[in-house]
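In the two complexes below, chain A is the common chain; its partner is chain B in one and chain C in the other.
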Partner chain A sequence: MIKYFPLSIFCLFSLFSNAQGNLTGNIESIFQYLNEDTIIDAKQPAEKGLINSYMNVFYTYGNFKAGMRLESYLPRIQGYPNRFDGTGIGMRYVGYANDFVDVTLGSFYEQFGTGLSLRAYEDRALGYDNLIDGARLIVRPRKGIVLKGVYGYQRLSFQQGKIIHGNGIVRGIDAEINLKEAFKKLDSLPLDIVLGGSFVSKYQKDDDESLILPENVATYGGRAKLRYKDIFFDAEYVIKEQDPSADNQKIYNYGHAAVFNLGYTTKGLGLLFSGKSVDNMSFRSDRNKDLQDLFINYLPSLNKTHTYNLVATLYPYATQPLGEVAYQADVLYTFKKGSLLGGKYGMTIGANYSTTFRPVQHTSNINLLDSTRVTYETRPFDKSDSLYWEDINFNITKKFSKKFSAIASYYSIKINNDVAKISNDSKGIIHANIGVLELAYKINSKHSLRMELQGLFVQKENGAIKDKGNWATALIEYSISPNYFFSFMNQYNYGNPDSEKRVNYPIFTCGYIREATRFMISYGRQRAGLFCVGGVCRFVPASNGLTLSFTQSF
Partner chain B sequence: MSSILFGQNDAEHALDNKKIPAVKLEDMKGKAVNTAELGLKGPVVFSFWATWCAPCKKELNTIHDLYTDWQEETGVTLVAVSIDDEKTKSQVPVYVNGKAWDYIVLMDPNGDFKRAMGVNNVPHTFLVDQEGNIVYSHNNYAPGDEEKLYQEIKKLTGK
Partner chain C sequence: MKNLFRITVAFLIAFQFSSCDHVKDPYPKQESLDLDTTLYPGNWSDYVANDWPQFTANSNTNRNVLIEDFTGHQCVFCPAAADLAHALHEANPSRVFTASIHSGPTGIGDFQVVSPPNYPVDFTNPQGVEIGTYFGTNDGGFPGNPRGTVNRYNNGFIFQSPAQWTSMMNDQITQNNLRVNIQSVLNYYPQTKGAFLHVEVEKLDQNLTNQLGIVSYLIEDSLVGDQKMSDNSHNSAYVHRDIHRGNIGGQAFGRTLTSNDIINGKYYVNYSFVVPNQLDGNHNAENMHVLIYVYDKVTWEIYQVIKQKIVP
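The block that comes next holds the complex of A and B.
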């Protein structure tokens, strides 16, 4: 007995330490102290100081899982949705998962296919969180087959430290099969095929006195992913039943959304052609909501997400859920090292083109006076000549030596400000040409310098300056690996037609990073603008002041 | 018995004893992958990135130039986890192949793995040992960070 004593102690110890399970998560806190700045029309909030904080804790022990997020807005930082306040639990769940089933009770995020019918997700930078609170079951009956079912209410807001749910209930099922994984016999087939289908329905009581509203509204659709050697094709098509809402002025039309991607890639070359057609496809769990509230589905715009400041934030485009037809082409090619253009380190060129139009709405067979409230007819990819958006851009990335590299980019952006409203200072199509030069210089193994020069030039219309006119931005960044960075950026609206609005927006930022911990301080002016991530945008007012942020992963 | 002892010691050295969470994702070809069961030999670097994240691309392009040497010397594998959602997801294979990367690329369009790993923002890089313990992680990228990462890889493999 005694002989085995140390062993059993170790076994116990080992068991005990395993019994702690696995814990992961993160913390984020952002504090702002804002000044009054009459030149850019920035207001000082009554509290002067604002702070948002979040902490996620996810725990797994064997097949068991549990997690939650605590949130705190004391009060919320500037530009955040105005219905976030207090401190409390903003997301929580328990669940059990093995290779066969995965069940979650409480809050969960989910996406069916490409998200055209259902996508619950969080984007903290935007204050976007449409999680579903309820139950989810995922079943994997055999390799290559995934079945999902979800049921619940969506998160609308967070008030006095509590989740506020939307009015309508959301339920959905989704099935996907990877033929090659599911059926061994197909292993020799040179073609990969994945097929899927989904059905999503919402229920909301009829709250209209004059119309008979459908209380149960469904979307259904199918998708396919095909791959043959270096060529891939994927597509999804979703139909929405009659869904009179505040978005569509309570019309009784069916809606649709369709996307496809066709690509060819090989070492050193990538080609992509995509298309998208959307009509009457705003699908929310409360028919009376607008802006970014309670979307069940996800309709991102079909264009490249740009990173340079002026390109990304001055004229961004978000999908028009009522209807649009869009196409995109994307190319990336790398000239090999040692080739004529590649030089010693190779050179990459990229080109991207995206364009979006209003769909054609046929009304010749429609009697607007009848009682159907069907106001037009349309077909997928039936586009008109009315332009909503166009973006043509090129970039060249070249490393000249071990120390020096550069990226040169050019963008031509056209946005229809009457439809995709971006500015109160202009009408019609705004056409901006943007040039960016980025230079990076590595001083030694730890110290490096980076510089950006950006110019945005708005095309004049009949000799008159459009919108806010021309802008210039300069940025310089000094970093000391792996712990520090310092940067200074100034945006100058030198071409504003109103000479009093030719304002500089200087901002200084520095950061300290140690492994998974990051502190950041910035001080300066930030201009008002539309802040977009993916297909969702939020308006951020101009501000002047101090921002401190802290993030930690564990 | 000794294995229990050593196992315990290794775990103590690991960062807060944090293991790679098991999340089911797909690779660029649509093949299902469990993040905790990649079946790779040697250390693994998980690097969270996106096509719209300039420092992420800079980090992965820098490592791309060094990757063959790193693999030969330490047997390390890099797994580039794209957090591009449906808006830009289709551009991932264009970028990855256009740049001729040799990494394993996983798609995390709804942020499931990102959330489980506690990633606040990209780039965020994790170094994982053979047993799945996270031994080092770094948020952000500045030129030179790849050398610190490689020192940690060498420390892990005893080289």
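The block that comes next holds the complex of A and C.
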């Protein structure tokens, strides 16, 4: 029956193509032609050419909805999981939605709260897709109340053009109530309150001869969002019951995850303070998987998402699901136009601090020789002094004239390479200081120029260069609005302790954009490293060659 | 508000069955590796002195084949598959062995269920059902009966339709890639119906890095009983062959060979067990044998299987 499902959707599309309805979607194709480059250890694949292609099609007709994504890996581009191959349907669904119910059968993405208990999502840049294949029901019994139920298997991989599911089944319910919307009596209250709770359970057969494994594992928790005028606060806390897995060495401890955000925003000023506490919260639908496979939940990263090349790609921090206690503070202030520091066009300064520590694992009340396999106790936000990550950064954005503006940034990053492994060339804490100067010049209404100068300086340890030493990056970008852009970037690892590895990584990129169509060509070197989005990372090997990409929306 | 209450209750009821399991003591009760010495009708020291085998060098050079035929007494297409499996054994009597496991992908299904008066005999056993249930939903699964494995070789799928058995068996016989060698000695004592099985396992291919498991199937050679035939008729004189009666030790997937089992580079595993009555209630140890196999704990592939008669 399952194999006829895509065919059924196709038939439905055909059926409704003669009727009125709304058809939207997008296409993306990325082609790489790679060369061998022994200097950076880039390999040429046997096929030489690699291509990933995707097409999403979404159709709605009245209350009916259907959609699918065709995927093609012939073969996959560099850095993608090696089990993606073939051409076929990677996502498909049909459903019906009105104001009261929204039902989906097939593939769907979903998130409960901040995702601590369940988040199914796709991040194509990471090759990450943990969609749920099954059924989802969303009910809105009255305004302000949303109930959700999901049931299904997760997508593990895509082989020979077919979705491969994980071994475990995922079940979850979530309820959320906006008190002011649900109860009119509270309408005059100046405080917005949204409360929610979720329960997610997975089933996987006990496949271990040496242990009695819990086959049904639950995660549950509650959350709240409050807003009072310019102040907002949100928090979520979830508990995971016994979930022995390959990640946690099959211990029988409970796990927990907690996040909170406290913020204040007013014109010209934004303040944010966040905290996160995680212990033993790797929650997958297959207890034997690792890396980024089959995560049911999502543990948000609590550090600023950087965009400049060196700071974003050399030392990114991957969330540690086994345990971390993290805090972040963020300030954004804009000096008014006409003020002493603001000048004619105003000036914005931002400061951000984030830090992550190992949680304390108490063992004083634990008998490691008993048969419970409970190996320690933890408490939320009980941090040790073992540093995993620290990021202190400032930036100043200043517009000097109608044509010229600049952004100056400084970053101090410390990453514990023994825990958040980023490099094979170093141990312990790597401390890097990064400076970036971005200059933008608008030549006229259509032509503009942008330049970045970046330097990354790794602190020496006992006089010795750590990791790969210092880097410099220069980028120049020329845009002809609205159709063309050209850029050239070069990364130079001039401080590498091995003089033979003091390598340049030049890359030239140009693109053409017309309405919803975009072509892009780039040629050059890309260094090996981790590519991270929101604390989720994948390894990308070094490459040298041509990349062509095409995107189209409709 | 009533609707909200009803919907909430419905959600909670729907999920109450999927709550979580709590395990206080994660360690399963261990299979006792101690031999039941009472099954020896005499002083155990005499057994050790006189009957405990001393293995000589294993001169076997052939890799054998185990065909697991997942079957059922009410499965109309199963007799043809059983005939094929038996014919393959007859064609290679010393190298191809069959185990007829009465289980479907969900364990005891419509084909295996006992339904007197026509199908009164329960051919199933807990280990066979566990194996069927496991492979029913894991490692590629299998849709129903008849399906089988040929040395659990993964030819795209571990489970194959009978149409594939002959060619897969021929391939393995021809390749004759012997990576693990097994030899065994079994001492049976009719007075107690007890038996002691001694097995020596030699890993010939040191490139095998995955863990190895060892399983001993107790097989009833043949039994005349009831079977639904391909024309839907009931045959009360059907000869059931090579009936899997269970695993010695009671573990569906046997036990893992560990360094504790190694003496001078070879693994030694010993079992004691009581030879059960036939499914018709009579005791006849001559109608029983053991199939001993060693398999890869990751890929499931069976690297070697041997047949051990209970009464030589």
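In this section, the second predicted complex is superposed on the first by the 535 of 554 C-alpha atoms of A that agree within 3 Å, B and C clash if a C-alpha of one lies under 4 Å from a C-alpha of the other, contacts with A are read in each partner's own complex, and residues count from 1 in each chain.
The criterion applied here is as follows: contacts are C-beta pairs under 8 Å (C-beta built on N, C-alpha and C of every residue); 3 or more make two chains touch, one makes a residue touch a chain.
None of these values were measured; they are calculated from a predicted model.
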**Joint occupancy of chain A by chain B and chain C, clash or fit** = fit
**Fill in**
Chosen between chain B and chain C, the partner touching more chain A residues is B
**Request:** Go through the superposed model and pick first if A:Ser479 touches only chain B, second if only chain C, both, or neither.
**Result:** first
**Prompt:** Is A:Glu110 touching the first partner chain B, the second partner chain C, both, or neither of them?
**Reply:** first
**Asked** Given the touch rule stated above, what does A:Gly25 touch, chain B (first), chain C (second), both, or neither?
**Response** first
**Complete:** In the superposed arrangement the C-alpha centres of chain B and chain C open, at the centre of chain A, an angle in degrees to the nearest 10 of 130
**Message:** Quick one: is A:Ser412 in contact with chain B, with chain C, with both, or with neither? Answer first, second, both or neither.
**Reply:** neither
**Request:** Quick one: classify A:Asn288 as touching chain B (first), chain C (second), both or neither.
**Result:** neither
**Prompt:** How far apart, in whole Å, are the nearest Cα atoms of chain B and chain C in the superposition?
**Reply:** 19
**Request:** Once the two structures are superposed, pull the chain A residues common to the chain B and chain C interfaces.
**Result:** none
**Asked** Touching chain A in the complex: which residues of chain B?
**Response** 1, 4-5, 7-8, 11, 16-19, 21-22, 29-32, 51-54, 58, 65, 85-88, 90-91, 93-100, 109-112, 115-121, 124, 136-140, 142-145, 147-148
**Message:** Please output the residues of chain A touching chain B within their complex, sorted ascending.
**Reply:** 7, 10-11, 13-14, 17, 20, 22-26, 28, 56, 58, 60, 97, 109-111, 114-115, 119, 121-122, 143-144, 146, 178, 181, 192, 194, 225, 227, 232, 234, 261, 263, 265-272, 274, 298, 300-302, 304-307, 330-334, 345, 348, 350, 440, 442, 445-448, 479-482, 485, 511, 513, 515-518, 534-535, 551-554
**Request:** Flag every residue of chain C that touches chain A in the complex, lowest number first.
**Result:** 3-4, 7-8, 11-12, 14-15, 18-28, 134, 137-138, 251, 253, 255-256
**Message:** Per the contact definition, I'd like the list of chain A residues that touch chain C in the complex.
**Reply:** 139, 141-142, 145, 147, 149, 167, 171, 173, 175, 199, 201, 203, 205, 207, 209-218, 241-242, 244, 250, 252, 371-373
